[in-house]
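To start, I am sharing the structure in question, which I have written as structure tokens.
As written, the chain order gives the labels A, B, C, D, E and F, with residue 1 at the start of each chain.
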Amino acid sequence: MRLSEADIDRVLEEDIRFGDLTVRALAIGEKPGRMVFTARRDLVLCGSDEASRLLSSLGASVIFAAQTGTCVEKGALLLEAEGTAAALHAGWKTAQTLMEWASGVATLTREIVAAARLVAPRIAVVCTRKAVPFTRQLSFKAIIAGGAECHRLGLFDTIMLFDEHRPFLTKPNDLNAIIAKLKEYAPERAIMVEVTSEADAFGAADAMADVVQLEKFAPDMVARVVHGIKKRVDGRPVIAAAGGITAQNAGEYAKAGADTLVTSAPFYAKPVDIQVRINPL
Amino acid sequence: MRLSEADIDRVLEEDIRFGDLTVRALAIGEKPGRMVFTARRDLVLCGSDEASRLLSSLGASVIFAAQTGTCVEKGALLLEAEGTAAALHAGWKTAQTLMEWASGVATLTREIVAAARLVAPRIAVVCTRKAVPFTRQLSFKAIIAGGAECHRLGLFDTIMLFDEHRPFLTKPNDLNAIIAKLKEYAPERAIMVEVTSEADAFGAADAMADVVQLEKFAPDMVARVVHGIKKRVDGRPVIAAAGGITAQNAGEYAKAGADTLVTSAPFYAKPVDIQVRINPL
Amino acid sequence: MRLSEADIDRVLEEDIRFGDLTVRALAIGEKPGRMVFTARRDLVLCGSDEASRLLSSLGASVIFAAQTGTCVEKGALLLEAEGTAAALHAGWKTAQTLMEWASGVATLTREIVAAARLVAPRIAVVCTRKAVPFTRQLSFKAIIAGGAECHRLGLFDTIMLFDEHRPFLTKPNDLNAIIAKLKEYAPERAIMVEVTSEADAFGAADAMADVVQLEKFAPDMVARVVHGIKKRVDGRPVIAAAGGITAQNAGEYAKAGADTLVTSAPFYAKPVDIQVRINPL
Amino acid sequence: MRLSEADIDRVLEEDIRFGDLTVRALAIGEKPGRMVFTARRDLVLCGSDEASRLLSSLGASVIFAAQTGTCVEKGALLLEAEGTAAALHAGWKTAQTLMEWASGVATLTREIVAAARLVAPRIAVVCTRKAVPFTRQLSFKAIIAGGAECHRLGLFDTIMLFDEHRPFLTKPNDLNAIIAKLKEYAPERAIMVEVTSEADAFGAADAMADVVQLEKFAPDMVARVVHGIKKRVDGRPVIAAAGGITAQNAGEYAKAGADTLVTSAPFYAKPVDIQVRINPL
Amino acid sequence: MRLSEADIDRVLEEDIRFGDLTVRALAIGEKPGRMVFTARRDLVLCGSDEASRLLSSLGASVIFAAQTGTCVEKGALLLEAEGTAAALHAGWKTAQTLMEWASGVATLTREIVAAARLVAPRIAVVCTRKAVPFTRQLSFKAIIAGGAECHRLGLFDTIMLFDEHRPFLTKPNDLNAIIAKLKEYAPERAIMVEVTSEADAFGAADAMADVVQLEKFAPDMVARVVHGIKKRVDGRPVIAAAGGITAQNAGEYAKAGADTLVTSAPFYAKPVDIQVRINPL
Amino acid sequence: MRLSEADIDRVLEEDIRFGDLTVRALAIGEKPGRMVFTARRDLVLCGSDEASRLLSSLGASVIFAAQTGTCVEKGALLLEAEGTAAALHAGWKTAQTLMEWASGVATLTREIVAAARLVAPRIAVVCTRKAVPFTRQLSFKAIIAGGAECHRLGLFDTIMLFDEHRPFLTKPNDLNAIIAKLKEYAPERAIMVEVTSEADAFGAADAMADVVQLEKFAPDMVARVVHGIKKRVDGRPVIAAAGGITAQNAGEYAKAGADTLVTSAPFYAKPVDIQVRINPL
């Protein structure tokens, strides 16, 4: 997933629109130096492409950049660049903050995925569209780096029936008719239905939903639904568990038999610490 | 702090660039409805201006919006809007996610400020520039809503000497000369120095730094520095404690006598839950 | 589907970035006038929202605007605005060209939909992502106004296996394994497979594809595939006919039994003529 | 004519903002490959610069790109690029659609120009400002590639008197006074007058218009005007025929003696087919 | 000439991207107030539309705004707005600086126009494309407000032969052939030729140039050219004097008989002083 | 200070959005050439980075570019580029105008700085935020190139108390309380106070302002304030002289003992002449 030039500009301008006052005042900008980013803990890396691009656009030369999606151990080299003190100091915190945040998202994603797959090796983990505003593209890149996928990119790409839609319909409780209408309208799309009760879960399955999303079901409730629904020959409906899923409980939900875990947790992960050292050459 | 029209566009487009497929499929877009946002917990509100603007730009009418910076109790009304089901559903999650995230930042900020001011009523809390990439403006709005201020807006507005600058100077350890140079270059700006040892703290104070920033000093170390430095008649230097400050330890740092607490914690706050109800009119 | 403010700006700037030289030279800008857009033929309207927004942003008052998606008869009033001669002349051709082009797309879409539904009332028509560059959002709005939907919004929202993917796989011909891999990766998404032979069509159906897209099959070939594939209980796989579908042959493809018609034709429709009259008040 | 970086970003983002789901699911992104674009018919190429830039910005290497404006024969190589399967698949349809559309515009332009110049080798063909919204710059590049020029870039660069201007003037029918006023206001600009009757055509010529544009005159009417107007020593007024001009009738209008043909037809040309082959290296 | 929303955003963001620190610190933002802009000298106003738009977008109400292009006397009211202290202080200097600068451009333009027209009432004054970078649109609006017009909008809208073009031609000195080629290529455009000698001026006239632009000719040289060239029946060629024209010498150039004066001087005019008073309500 | 790609695009598009009509008409675009920029007078260079970037983005090769901030003598080489006639002509005037304007700003800045430092070698010169709208970033780069710094970047980065703030306060004349409030709110920032009387100057100093800015004080008034205020041990308050400062009177203000001169004059400097020669290779 490629950020636009405009986005690289934007993230740079947040920090250096009017230049670096301290480096100007110290008059050290022309001196050559090297900047090295290393992991302070085991982490899944994300953001090294963007960090490289922003350092390059400041005039530094990127000597090495580990690849987005890589699991690295504490102490590992993540990025190394050379250039003037002006270029290195201009990009330092922006590159560091971007990688720390994006890698934090990727790392927590990986933890959830790992916890779930320990129990159910083929389970899918998908993340919601509740990314921090303005960060959706990079957030999605980070959760993909961590081994998850996007649940919905936005309102535009998927059909998901919520309870909030139903009162606007003539027959809010006729799931068969509603799902039939959706399938006729968009036969090529999977029809996803969020349900808040077991009865609705079974109803949605009977009505040929492609995905039945269980909103805030405890693991034992998920298990009951999983056992109660007979999958069709093509594996449908997919049973998705959503709401409050974390690295701590992902295993339980996996054990309960959900096909997919839907989570927003990674978007609010704590950044992971990345060490930066800057030295003259 | 006013977000640009372009930013309102951008946050909307993250979710509805190609419209709302589900509402189109259900053919319920024209039906009138009301959407109500209420607090699920006590919180400091932020984002209601932006939520209002984005709902208005979708064609909904905002009936009520509580003001950014307000402390509200669980159950309080935050925002109410009327419009077509199309407009309400198009703006629902974007408005909710934006307010939940921004209010999460504001609320945690307020907690840190409150914890510190319980001990030291005149202490200032400032947040670093380590906001999530692409969110700096709205993040800053949120921490201000929570009662903090910005430490540095970027590299452009302040002079802050780091250890990372010094090896590029001819005499890296001559703090007197370095600070004199900075003051001559920018007499109108406060000169801030980050120090990592008590010795450097005292040296920076002697060299007439305006702000001495103690990086990752434990509260007792802060206290020693506070007691060891004699303030000048105008209250300088300001003693700032930075690194790892949270709502839990802010009181201790305040008790240690720091004038200012510097923190990045609020930027990674968990969103606060906001309930949304949508109903036909 | 809402165009951003930036897009309204952009389309205006294409024509009036440096103002209207003729109106300036004639010195008639301040005179009040009325501008009326009427249909020169039966058409499906699209673009009236954008035309209204751009006229408003020029300072004119929109008195009436027919709704996007409406079928109107020759002679019908589409848009009426009042304002200074400067505002009306500034917006005239931009509004006209936009509505003529977008309505042209919508009208041809409706013709294809009508031709297909005459034969198969529940058939779906979807348009490809081959819209004219830079126009994807408005093009999609127009084809939806005409009664179709989007096939794929881009590469990001759907899984579609092409022959061009296969040589990069270890076992290019093992459709069962390929589709199983896709389903495991993205259980919530419909798996679409483009096929170029009848054998592959049956193979994809056997391998549990959700959508089998027949690329450039003649109607009789489509019919053979339709009869040869036994639908699963949930109606899968959907049989989509793609490649060269127009208003002329849509009926034949519908008769052949395709569930969905996939077409790019509307994107290159001729604009429909809209008459504009401007008069002083 | 150079598209901005922002426009290259924009056209890419229409298709791959959130990446390529299929290639991710297939896990083939890292494999190296080659992509080759060839002409499926004789065509005038346009868009190869932009296709090259977008492929490069995705990380592919462009080995060869034929030049915009070149007439190529069926089967000719247009563009060749190497890179990862991820890069090639990400750019494939965007590059193809852009070149097919832009070359379609260029090719039809060339046909009109050729038809006219067969009869009148020095005749000029110019295209109106009725390009598809959002595409004006690239549309103009395409018609120039096809051998035409721009009639008016927008409202800002030329003076063109329409019937729609006149009722706002005190003496709507006094062409002498109107044109004198225009010439005094803008002595450096050519004064163009659109006329809808032969009488007005002669009136405009008498009033020293630089260009007399005949709106929807049949070829024989054009011929009458051409013979009735005595050119001034500098070749003015230029006689322009506008309205409904196509490759089919361009020769007739040329034979009628028009100096310039004004057409919108190329903007709505059908795309020309370009074949794309993608193979592993 | 309408600035885009994006440009209004941009000019605002230059000054208040992260809000108004002083007003926040003083906690006076909520107090209502009135802001009044008056002329400190006679001036031609420009920028009041943009000032109004930016104040409105900050939430202030514009009570009165004098019209762009108006000549006002010292002491005249230019703009009056009411709103919170926050809104008024946020917009104060941006609105003031914009109006002072744009009115400075307009006022100097008017002085040049007036000086020239005192001698030659029908002379045209046009400004070059040497506006300050990033300001072309607003600069052009200002010179039009001052009674001038644009010479060339850019490289795209006019044909102007410079000496710098000629060495790239096969026969650099054959003005007849060069101009004939230009006329054939673009019969609808006026052909402008910059000349640096009297001989070339006569040569360009003989070759049927539409505009002969005399680059840095003294007034007496201009007069000699004017008398030596016999105008054609339609008033061509237009004689334009360019290079170093100011309010001081415009009268002399007008007296010398030039049809048009071409100047860059207004773009670098000193801003005119505008007084601002802000008071609580 | 780095301009964004979007800004390089923007400045290019001002001049060549729809290409170069003259070069197209002359059909000389493919011929190779060289373009050389030299100084027509002694000057301080600014804009060569941006000129280089825009020429490169047009496809020309920059052979040499003198560094921003360099003092060069009349006749010195500033920039040399090679490329097609199309590229060179497309960038010629944009590059020239940008460098002439930016160097004009830098050169006048240097004159003011030099005049002041002749008298007071350690005096600082800072420029206000009254840059021409849309040019703030490049204007700031130019004044820094000339040896000055930014006074305030905008409303966001500094605290500056104006008379216009005071009537909104409960006790407008209690400078002690006001400044104490500002220092408590923002202990890390320097508190700047603009004063319009000597009494207020002394009051601000007594109230521990960090910077006392004397608005439109004559040099002798400045001297009286300088002598009347006893500096604190850290050199505070800084005495800044503002209002009407130019290269002519900067020496007098320096002699009066001001620590800082605040000026807007450079923003409206006349461009410096730069010669451009273009020749075929």
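Odds and ends about this structure:
The rule is short, and it goes like this: a residue touches a chain if its C-beta (ideal position, glycine included) is under 8 Å from a C-beta of that chain, and two chains touch if they have at least 3 such contacts.
Predicted model, so just to flag it, every value in this text is computed and none were measured.
Common neighbours of chain B and chain F (chains touching each): A, E.
Compared with chain B, the chain whose C-alpha mean position is the greatest distance off is D.
For the pairs D-E and C-D, the count of C-beta pairs in contact is higher at C-D. Distances between chain centres, each the mean of the C-alpha atoms, put A farthest from chain E.
Here the CA centre of chain A is 43 Å from the CA centre of chain D. The distance from the centre of chain B to the centre of chain D, with each centre set as the mean of the Cα atoms, comes to 51 Å. Averaged C-alpha coordinates put the centre of chain E at 23 Å from the centre of chain F.
For chain B, residues that reach two or more other chains under the stated contact definition are 5-6, 16-19, 21, 24, 90, 149, 153, 156-158, 185-186, 189.
Pairwise chain contacts in this structure: A-B, A-C, A-D, A-F, B-C, B-E, B-F, C-D, C-E, D-E, D-F, E-F. Touching chain F in their complex are the following residues of chain B: 122, 124, 126, 149, 151, 153, 156-158, 183-190, 192, 208, 210-211, 232-236, 238, 240, 259-260. Every residue of chain B that touches chain C in the complex is listed here, in rising order: 5-6, 8-9, 12-13, 16-19, 21, 24, 57-58, 90. Interface residues of chain F, counted against chain E in their complex, comprise 7, 10-11, 14-28, 31, 33, 85, 89-90, 92-94, 97-98, 100-102, 129-136, 138, 154-162, 164-165, 167-169, 178, 181-182, 185-186, 189, 268-271, 276, 278-280. Contact residues of chain B toward chain E in the complex are 1-2, 4-6, 137, 140-141, 144, 149-150, 153.
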